[in-house]
Structure formats: structure tokens, C-alpha cells
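Letters A, B, C, D and E mark the chains as written, and numbering starts fresh at 1 in each.
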Amino acid sequence: MTFMEHLPALQVVVPMLSAPLIVLLQPRGLAWAGATAAGLASFAIAIALAMAVLDGQTQVYAMGGWAAPYGIALEVDAFSALVLLLVTGAGAAALLAARVSVDRQIEPERQPLFYAAWLLGLAGLAGIVVSADAFNIFVFMEISSLASYILIAGGPDRRALPAVFKYLIMGTIGATFYLIGVGLIYMMTGTLNLADMQARIGDVVALNPILVAAGFITIGLALKAAVFPLHVWLPNAYTHAPHMVTVFLAACATKVALYVLIRFDSMVFQDRLSDHEFQFTLFALPLAVLGILVASSVAMFEGHLKRLLATSSVAQIGYILLGASFVSEAGITASAMHMFNHALAKGGLFLAVACLAFHFRDLRLSELGGAARRMPLTCAALVVCGLSLIGVPGTAGFISKWLLITAALESGLWGWSLVAVILVSSLMAVVYIWRIVEALYFQQASAEGDTSFAEAPLQLLLVTWAVALLNIFFGLFPHLPLALANGSAALLVGGAP
Amino acid sequence: MIYVFALFLLTLLVITAVAIVRTENLFVAVMLTSIFSLLMAANFFILDAADVALTEAAVGAGVTTVIFLSALALTGDWEKPRPGGRTVALGTVGVLAMLLIYASFDKPRLGDPEAPVHQHVAPWYLEKTPEYMDIPNVVTAILSSFRGYDTLGEVFVVFAACIGVLFILGVKPARQTAAAPQPVSGLRHHLIPQVVGRLLVPFIVLFGLYVQFHGEYGPGGGFQAGAIIATGVILYALLEGEAEALRAVPRSVLLALVVGGALLYGAVGVVCMLKGGAFLDYSVLAADPVFGQQLGILVIEAGVGMAVCGALLSIFHAFAARESMT
Amino acid sequence: MKLLELLGYYNYWVFAVVLTVGLYAVIRKRNLIKKLIGLSIFQSAVFLLYITMDKVEGGTAPIIQKGVPDQVFSNPLPQVLILTAIVVGVSTLALGLAMVVRIKESYGTIEEHEILGAD
Amino acid sequence: MIELALDVVSWVLLAVGGACVLIGGIGGLRLPNFYTRIHAASLTDTMATLLIFVGMMLQSGLSLATLKLFAIMLFLLLTGPTATYALANAALLSGLKPEGDTGQSKHGENTQP
Amino acid sequence: MIPETAILTAICLPLAGALAIAVAGRISPNLREATTLLTAAALIWVVWGLLPTLMAGGRPAVEVSEVMPGLTIAFRVEPLGMLFAALASGLWLINSVYSIGYMRGNKEKNQTRFYVCFALALAATMGVAFAGNLFTLFLFYEVLTLSTYPLVSHKGDEATVRSARVYLGVLLCTSIGLFLPAIIWTYMAAGTGDFVHGGILAGKLEGPAIGLLLGLFVFGIGKAAVMPVHRWLPAAMVAPTPVSALLHAVAVVKAGVFAITKIIVYVFGIDFLFATPSSGWLLYMAAFTIITASLVALRQTNIKRLLAYSTIAQLSYVVMAAATLKPLAEVGAAIHMVAHAFGKITLFFAAGAIYVASKKTEIHQLRGIGRRMPWTMTAFTIGALSMIGVPPTAGFVSKWYILAGAFEAENLVAVFTIIASTVLNAAYFLPILYMAWFEREEAGAKAHGEAPFAAVLALCITALLTLAFFLFNGPVIELESQVVRALPL
């Protein structure tokens, strides 16, 4: 087998096997270097995979040499290639910028463990996206969850611990619900491979274990993806985590759970269960709309900068679910694109917050006075990513807003009211982004704070600005992610092979 | 006839679970959890899941109880009761129970041979194991070869837990209590347990190794062996005191064990790739594919055993060291 | 439904009850260690569900003795899955307990309402 | 003929062993305080184990299983009493005074904490 | 330079200029001023270079990138866009001259940011002018809003921030809330968003939907300040005068009105709208805005607020002219854009000069100022007369065409509104002129001379332009009439 054929396996193996190696690299500088090298390597593999998928061949890899239903198969198609790019990109970028920020927050002797956990998180997420076996997804979901618990528990503030404990409890319940769902399906179909499941579920579809299984899987993954009513763990966890961890997790952790939900729903349940489209829409649509409106309004009145952005993440996840709940090609394209664009926008915003944290111990909006004068470049990057979050034209956010609105209009069932919801929430986004801008630019610096020019370290600033410019680039030339998103929509809903 | 006995054990299981939840003394709750695990192991054995019964006994009853107790030693023994209406919680949970019981009526009856589970993938495994691997224990065959990738993920979950506990407990406790750390207590000055311990520990470790390498023939394998060896060393630490155990198996060795185990497993996979097969495809390891499979299974089981043993021990030492600090 | 028939479903009902007892403990109890105990019960119930699937009437553990001709075996696959799930449960538990110890040190209590009150 | 005799003996042994376990259980329930209760529990550990395992060994005749049974019996006989001893010692250390003890310690040297 | 590259340079030039100004700002103020003027001049040279091709009927177009299938960033120059671009680039040069004088006179702080944002705003204006389809128009429309926000909140104190918040709030809410769905609806209905002579919606929509879509567009484009969405204009008065001049005369407001006219002409199509009954309401809404804005202007005491409300009225002139849907009225709308630009920029320059020279902002303080500041006040008078529409000024020409269009459409409401508003204009401008020239100064007012030379020079140029347009408006009218005459494009 040539090297290219091994790529799906290497995508998971490279970060996973380099994690134990990094634990041995005791001098802390080396640990960061090793982790970044592994991160960049996995990003390169993801790009190679995306290129391969773009010219049409879905990569299937039989693990251990055993054919699909008997062994575990890995499958990389358009949708997984897009999410892979997103996960490894966010991981590599956050790692590149992590050195200075992590040096301030994690003691040197604990850093090798920290970076090893980071790589395990990356490997876990990549493992979920690449895998085509239901139980294998559970195992890698556990790896990525454990890694993210460890990363968040590294937070300097004592409040990180109860926050991550609540996340652990809810995450484990979510994963176990998913396990029950998979168990029930396995009981009725006798197989664990997703494609095989889709083929065999036809004849047992009317029985109620399958319906209950669908319920359990959807609730479990909704819990992991922090969909609206089950999102209570997200704001605290992201607020008290170390800054660079928030960048990494906010960009891709919840999206992978949504990826599994969409893949499971459209491949396994969709055309098989009688009126399942209606059920999924009946379940997902109200939750998404509620999530968008409530989370945006809460974000508008939030005082702490990081918690504000974390709450707005819940709203943006609502958008992705809204796109998926249309169960149409346009809908899936919109939600896939928004996964990509939100990762860019939110990753950039949290990177800027990490820069701010260098000179502002307390990140409450009332304490950020005079930030623009002291750190003009960081604030500019923050404004650019904020605009992308709102969806101003010319930025990546606008593309996904445009697709979402067209999908809403095409969905027919009172499409216009959904358009109204999307626009109202964009205006709410304008309000809370502008609260930040006004706090940074116009608030007078607090009395004792010095106003000398003091920018964030160069390495962190460069990555922040790179992400900000990417936001604009993908706003004007979104061909790559768009091609992948369209491919995934055709695959999932269009019934293409 | 066996069903009646199963019926009795399952009912006992439910009673233990309810007792655990109701009791307010955490120490009692932990002991009941240990009994709960033992009952689960018994149930598994009745349902013909020998490997799982051994794992549940070794990992569930043994190590979990030890970790719980060491955590209890650092936190309080008593739980504050929570007055007030429990209707909401009962309500939601009740709905879930109704849903599950409603769903259970279309499920195949216990032991029904025509159930879809036994039709599709399982017969292939039972038929192909003697042909490809020629080892009696089909569970180990699936665990290590057919679904070896799952077990690789599994080893890295254990690895993650190990580095997680080391990372979280790596922080020095905020307030050093004024009292000098009291002498390393264990049952140091009690002669009888020490004598019996010294007699037993070697046999426990020997039995662990037996389970490790006997994995292909009977119930056993990496996880169970790692847990048993870890329990043996923990028993030694309890009897002789934690410092003594650290002298016997120092922390660097433990870390080497965990990292070594995980890397060994990964290395076998990568070697398979280099030799031209897919990742974790052992048949390319040796000229004769069947021998290659057996070699692969043996090596990765050793890797799993090392990783699990190292991880569980370093977790125990992280908790125990914490005790002497506060 | 005759008694033996009913007996066949008893395992699933025990699974349902133990699952709900675990979930109740996690939701209701405020002591963090009791929550973790509830979580481990919750996960053990799922193991019971999987292993109930693998039993075949009159079958034995899936260990193929050489000489014996046509043996009936139980299904090995759920056992493999549960081997993995048990170790996942223990790992999550170990991590949770490490957090509880750290919370006890920084907050002085492991009752959830007191912790939330402290901030 | 020999098999019949062996079966009868092993049945008797198993029955008596079962009775011992039952008595131990009832003792554990009815006896008032901690120390008397572990006394009853230790009965199950020692006597019942011996009887049941010899009974089972007789059932399985000369085979690998008998050897395994013997090893398990040996293990149980060793650890059972030690565990009970350790339990009692720990209870005493944590200050649970046995019933009717008027303060002065009648036990040997190793009760000082 | 061939037309296609001319379009792209017209947009990139101000961007490069902004960068150059930012760099020059660090070195020395004079270098920064020189770069600004140089960029402005270069822009005029590029944009006005396109005029001959346009006059000959050519429509250069270039496509930059295809964002999504059917959604492209493309530019296409047609008469309306050409006029607006020429106007904006011309006035930018004059405005730069004026703002150098004003900024130096007033010793304002962080001027570099001011000029950089100015250049960015101009780049966005060029983008709006040359936009080839609705998506590109919306893209640069938003960039214009965002680039003018730092200008409006220039001072940075509490009052400015609050009014800047109103400015941004109204503009962003209307654009995201109404303009974006309108664009998407058009793309959905017509399949494309390109500006095509004769409109793309003909036959695609029927009945009330057309009126609704038109309403979404008109109220979506907040910059045109039609009545309910006009609140941001008076709020933007806190900005320094050159910015108000930019807002009112050069770019922002013009972009709004230009966008509405372009959408009416190129998206709906004049005859298609004229045929549908449901679009009549636009004319009545514009008329209502004119009347109420003029009435409110009557009661204003602050000069700049008065000019703001008069701008709202004048803008609705253009909207009303466009809404009468007759060829002559469309030409009148285009010309009124130019006339109003010249007149209003003169008035703002005068108000700024008065403020710099004497710190006076209220009307009653202007008694006898004519003697003290003769040049400024003559320019102010010419501007005021142009607003009213007295013959020698540009205002008369455009009102003439709009009236002709109204008569042609037999639209009595339009005719009556124009006459009434002319009377109202006179009612609030003439007292100021009378006070300035014929009344005595109250005793004890401190003496002050003319405004700085650069400011006065700019003033006089724009005043002369207002007069000159009355005489030499031939080429402009000919250019605009191409829009309506069924010219083969």
C-alpha cells in the first residue's frame, strides 16, 4: 500500500503516537516544539486528504486489513475532509501561538503533560471524524473528551475545577447515552459499521428500539455538542480554561459532535425511518431557534469578555443545527460552511482575547478601558473577527449567513420567519460585538493602569492576524470549503455515492 | 435452571444500587459499590462473558475501590443530606425508565438464537478465528486483531487518564498544614498482615503474569493482567507503606511503563504499515500469516498490560502521595 | 406472556432500573463523590445491556476447544466492546476523583451548592 | 460403588458447609455490635470454605480443576482470617471500644495506636 | 489606460493611498497632507478618464472573483455610477483641501486616523459607484458604513460615542435587517443580481410582492435617510465638519440615494414599476419626508442640525424624482444629486469656517457676521440660494427637470410637494441670510477675522461650481439621458 493510501490511518496515528513521546521530553521548550511539529504534520495530512477528496475519490481504509463489517473501516469523504481541515487547522494554529501564553499559565514541569493531552485531544477529534464505525466513534469521543477535561482543568483560576467537573459529568452522560443508542441499533441490526447499518436497518425500522436508539443518540450528541437546553457546561468551561485551550476547543470540539449527529442522522436514520425527516426537524428546529435567540440575548448582557464569547458560541451552534434541521442539500451545505466559518471567527476572537490577557489581568469589559491605545493591533484583529462573526459581507461569516438564509427560504415551511430569526440574531451579534469594541476603544483607561504602548508577543500576534486575514480571504474566495460543503451535502442528503 | 440463579443475582444488583444511592455515609457507599461490581462480575459470568467478568472483578471491584478510598481519605466521609422535593429528579428519571421499558418489548428475548445479533457478524468471527489466528479465545482474537484499532484507542484512554491525574494532581496543594507530615503509616507495626502480605504478593503478581500470557487460551489478556499486577503492588504499598512501594517500583519506571506500553502497541501497528500491510495488520509480521497474527496479538497484549499496570499504579501513587502532603 | 417469556425480558428491565437509579444519583445528589458513584452505576447498567445481548440459549463462553465438534458459543463481539467500555469508565472515574481532590483543597468542601456559593 | 460413596460424602460436606454460611449470615444480622458480628463472619470464612471446597474437590476427582480448587481454598484460608484481624485492629485503632470493656485494655501489647 | 483597469485602479488607488497616508502620518503632517492631495488628484485623473468612453456609450465591465455560483464580485460602469464616482472623487480633493485648513485651525488630535478612514470611505464609495451587481453593491455599502464609523466617533467623548452608536445601529440594522433579505429575495426570484438596463424583475414578481420588495430596498438602504430610518443623520452631527461634509455631500448619503435610484432603474425597471400599482406608495413616502423634514428644519437653532434636516428633505427630492418613474424625472434625480452635493458642501464648509473662526454654532449668533467674514458668507448665500432653487444656481436646473418629470407624469402630489418645499426652504434659509447681512452685531461680541485661507479657498471653489453647473450642465445632462433613452447597451 502506497503512502497516500495510509493517510486516513496516519491522520489519527501521527498525533496519537507523538503524545507519549512528548511526555518524555522533559525540558519544556522541547515539549512545545514536538507538539507543534505533530500538529502541523497532521494539518498537512488533512490538506492532502482534502485535495484527494476534492478530485473525487472517497478514501476508504480497512484497519488491520479486515474488510468493512468485520474489521473497523475508516472513511474520508467531503464532509469529513472539511471537518478534518477545521480540527487540525485550529489545533495547529492554536499550538503555534501557544508557547508564550501557556508559559504564563501552566508551570514548566507540568507542560509536557499539557501538550501530550493537547495532542490526544487532536487525535481523538480526528479519530471521530475519520472513523466509519459506530463504537469506534465512541472510543475516540472518550479520548477527545478526557483530553479536553485535562486541558480545561489546567486553568489557573480555582473556578476551572467545578466547571470542568460539571463538563465531565455531562460529557460522560452524553457519551453513555450515545453508547446506549449504538447498543440498541447493534442489537437490532447486528453490525457496527455505519454503511452496513444503513443497509440492514431497513427491515427492523418500525420496531421501537430503533426509535428509542435514535432518541438516545440525538440527546447524547446534543449534550456533547452543547445544543441549547443541554449547553449549561459550556460557558463556564470555556471561560475558566487556559486561553489557548479555549481557542482550540471553541473552534472545533463541539462541531465534531454535531458532525457525528448530522452523519448519523442523515446516513443511518434518514431515508429509512418513515417520517424521520419530520421528526428530526420537529426536534432540531425549535431547539436551534431557541438556542440562537436565548444565547444571543444572554450574550448581550454578559459582563465578562470570555464568557460573552462562549455564550455566543452556543448561539452559533444553534445556527449549525438550524442548517442541518432543514434536511435539504442547501441546509447541509449551509451548516457545513458555518462550521468552518465559525471556527475561523471564534478562533480569531479567542486568540485576540489571549493577546489581551497579556496586559489585562481581569477580562471584564469594565476593566478593558484604553485597550485600543495600548494594543492597537490586537484590537484591530478582534474587530475583524468580530465582523466575521456578525456576518458583514466580505468576511467568512457572511457566506454562511447567505447560505443559511437561502436554505431557510427554500425550506418552505414558514421560511420567512426563520430568516427573521437569523437576521434578529445577527443584529444581536452586532450589539454584543459593539459592546466589546466600545469597551476597548472608547472606555477611559482605569486610573492606575499605565497606557504605554505594550503589544502582545509577536508569535501570538502573528497567528491572530493570520486567522483574521483568513477570515477575510475565505469571505472573498471560499471555493475550497464551499466545494467540500457542496460535496458533503450531495453525499449526505442528495444520495450521491 | 441457571436463569433462576441469574434472576436472584439481578434482583440483588438492583437492591445494592438503591442502597448505594440512599446511604449517606460515603465509606459505606464505596464498599457497596465494590459489592455492586462483584455482583456485576457474577452476572457477566452467568451470561457466558468470562473475560468481561474477570475484567469487571479486577478493574471494577479492585482498582475502583482503591481509588475511591484514597480519594475519600483526602475528602470527607459524610455527605450532607439534601432536603426538599425530589419530585423533579424522580419525574425525569421515571420518564426515562418508562421509555426504556417500553422499548424493551420489541427486543429479542434473552438467549434467543435467531436474534439479529447472532446472524450477521458474530458467526464470521467464530468461523474465521481458527482459520486466521488458530487461537481458542475468540474474544482476545477480536479484541486484539479484528478490532485492534478499538483497543489501541482504549490504551490511549488509559494513557490519557494517567497523564490527566498526574497533570491535575501535579499542583502542590495550596496550604501546607503546619503539622509535619505524620510518619508514613501503613499497617507497618502490624506483624500478621505483613507476613501474610509478603507471602501473597509474589503469587498475585505471578497470577497476573499468568493471566497476561494465557490470554489466547482462556479468559485473560492485557487489561485484566495489568489490573491484577497493579492490585498486587498496591497491596504491597498498603502493607509496607507508600515509600517502600515507590522504592520497589519508582515513578520513572511507572511512567516508562505507561509510555512504553502505549508506544509498543502503536509501534506494532506502524511496523505492519512499513511491512506493506494495513495499520495493525499482523499477518505481515511473519512469513506465515497465522504465526504473524499470534505474534502480533502476544506483543500488543504485553503493551496493553504494561500500559494498564503503569497507569493504575501511577494514579494510586498520585493519590497516596497527596495524602502525605496535606 | 408466559413466565419464561417474561423471564427473557427481565434483564432489560434490570438495565432500565439500574440506569435510572444511576442517573437519579447524578442529578439529585450534591456531593461530588456520590455523583461519581452514580455515574459508575449508570455506566455499569449499559454494560449489562450489552452483555445481555450476547447470551445464546445453551451456549458457552466463546473459547473454541480443539477437539469438540459442533459447540454453541455466545456472541463474542459485545464482550469486546464492554471490555473497552469498562476501562473507559474507570479512566473517567480516576480523572473525576482527581478533580474532586483538587476541589476539596481549593474550596474546602465537595458539596456542589457550597462550591457554587463560594464564587 | 466408590463413586456413589464419594458423591454422598461430598453432598454431606457441601450441605454442612452451606449450613455454616447460613449460620454466619444470620449471626452477622442478629448479633448486637461490631466485634461480635465480625466473629460470626469469620466463621463463614474459615469453616464453610474448608467444607465446601473439599466437597467440590471430591466432586471433580483427580484433574486440573481439583488443583485449581485447592489453590483457591489455600488462598481463601490465608486471606480470610488476616482480613478479619486487620478489620478488628483498624476498628480498635479508630476508637470503637468493645462492649462491656471498662476502659482498661485487656489485650496484648499491640493495641496501643 | 484601458477602462477595465481604470475601474480596478479607481478602487485600489484610495486603498493604497490610505496605506501611504498611514505611513506618511508617522513621518510628518505635511507629507501626510501632500499624499492625501496627491491620491485625490490621481483618483480624479483615473475616474474622469473614464468619461469619454462613457459618453461614447461604452459600458466597461470587469469581474473580480466568483464567490459562489451565481454570486460574483463584478464591476460595471454605467452613466449613473459614472456621475456619482466623478462627483465623489472631485469633491474629495476639495474636501481634503478644506479639512487641512479646518483640522490645522481647530488643532484636532489623531488626524492621521481621520485621513486614513477618509481614503477608505472613498475606496468604498468607488466600489458602490461601479458595482456591477447587488452583492458587490452591498459589500461596499457595508465597508462604507464601517469605514465612516471611526470618522463619526472622532472626538471619542461620551456624547460622540452615544450618537456614533445610533449612527452605526440604524445603518447596520437597516442593512442587515432589511437590505440583505431584499437582495437574497431578488437573487432567489430573478436568479441573478446583476444591474441590467430595463430591470431583471420584469415578469418574475407580481402583485403586492413588488411593493413589499421595493419597501425592503428603500427602508433597507438606511443611508438614503427616508423618514423612519433618518435618525442617524442628525445624530452624526457630532462629527467634525469635514466629516459632515463627507457624510452629506460627498459619499455616504449620496451612496444611499444613488443605490435606490440604481435599484429602481436597473433592478425593477422604470416601466415595470410604473405599470404595477403597488409601488405608488414610494412617491407619497418621499413627499411626506420632504415636508416633515423641512418643517423640523424650521425649528432648528443649531446650524449643522438645520443643514442635516435640509439634507433629509433634499435626499427625498431625489427619491421622489426617481419614484415618478418618468425619463425626465430620472434625469432630474441624477442632476439633483450633483446640484445638492455642490450646494450642501458649500453650506457645510461655511458652517465649519464660522465655527473655526468664531466658535459660533447657533443661528442667532450669526447677526452681522457678513461684514466680518464676507467670503464665507457669500459662499453660504450662493449655497442657500441653490437649495431654494433660485435661477443662477445649480438647484434651479435640477428642480426644473424634476418639475418637468412630475408634469409629464401628471402627478399633482409631486408638483405640489416641490412647490411647498421650495417655499419652506426659503422660509428657513432667508432669515439666516437677512441676519448675516442686514442686522447689526450685538455689542461686545469679540472681533474675529476670516477662516484660515485653505478653508476659504475650498469654500469659494464649491460656490463657483454651484454657479458654473447652472451654465455648463450640457455634458452631464447628455450623460444622464443615456440612462433613460433606450440606448443599446
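In this section, a residue touches a chain if its C-beta (ideal position, glycine included) is under 8 Å from a C-beta of that chain, and two chains touch if they have at least 3 such contacts.
Since we're looking at a predicted model, the values are computed, not measured.
Annotation of subunit A and subunit E: not jointly contacted by any chain, touch as defined at the top. Chain centres defined as mean CA positions place A nearest to the mean of all protein CA atoms.
Most remote from subunit E, judged by the distance between CA-atom centroids, is D.
We define each chain's centre as the mean of its Cα atoms; on that basis subunit A and subunit C are separated by 29 Å. Between subunit B and subunit C the centroid-to-centroid distance comes to 12 Å (mean Cα coordinates, whole Å). Between subunit C and subunit E the centroid-to-centroid distance comes to 71 Å (mean Cα coordinates, whole Å). Chain centres here are Cα averages; for subunit B and subunit E they lie 75 Å apart. Contacts with at least two other chains are made by residues 100, 104-105, 107, 115, 117-118, 121-122, 125, 147, 150, 153-154, 157, 160-161, 164, 168, 171 of subunit B. Contacts with at least two other chains are made by no residue of subunit E. Within subunit A, the positions touching two or more other chains are listed as 135, 139, 142, 146, 149-150, 153, 186-187, 192. Pairs of chains meeting the touch criterion are A-B, A-C, A-E, B-C, B-D. If you check the complex, the residues on subunit D that touch subunit B are 75, 78-79, 82, 85-86, 89, 110. Within the complex formed with subunit A, the subunit B residues making contact are 99-100, 102-108, 115-122, 124-125, 128, 145-150, 152-154, 156-157, 159-161, 163-164, 166-168, 170-171, 255, 258-259, 262-263, 266, 269-270, 273, 276-283. The part of subunit A that touches subunit B in the complex is made up of residues 1, 6, 9, 13, 16-17, 19-21, 23-24, 61-66, 69-72, 107, 109-110, 113-114, 116-117, 120, 123, 127, 135-136, 139-140, 142-143, 146-147, 149-150, 153-154, 184, 186-192, 200, 204, 207-209, 211-212, 215. Within the complex formed with subunit D, the residues of subunit B that make contact are 187, 189-193, 196, 199-200, 203. Within the complex, the subunit C residues that touch subunit B are 5, 7-25, 27-31, 33-34, 37-38, 40-41, 44, 47-48, 51-66, 72-84, 86-88, 90-95, 97-102, 104-106, 110-111.
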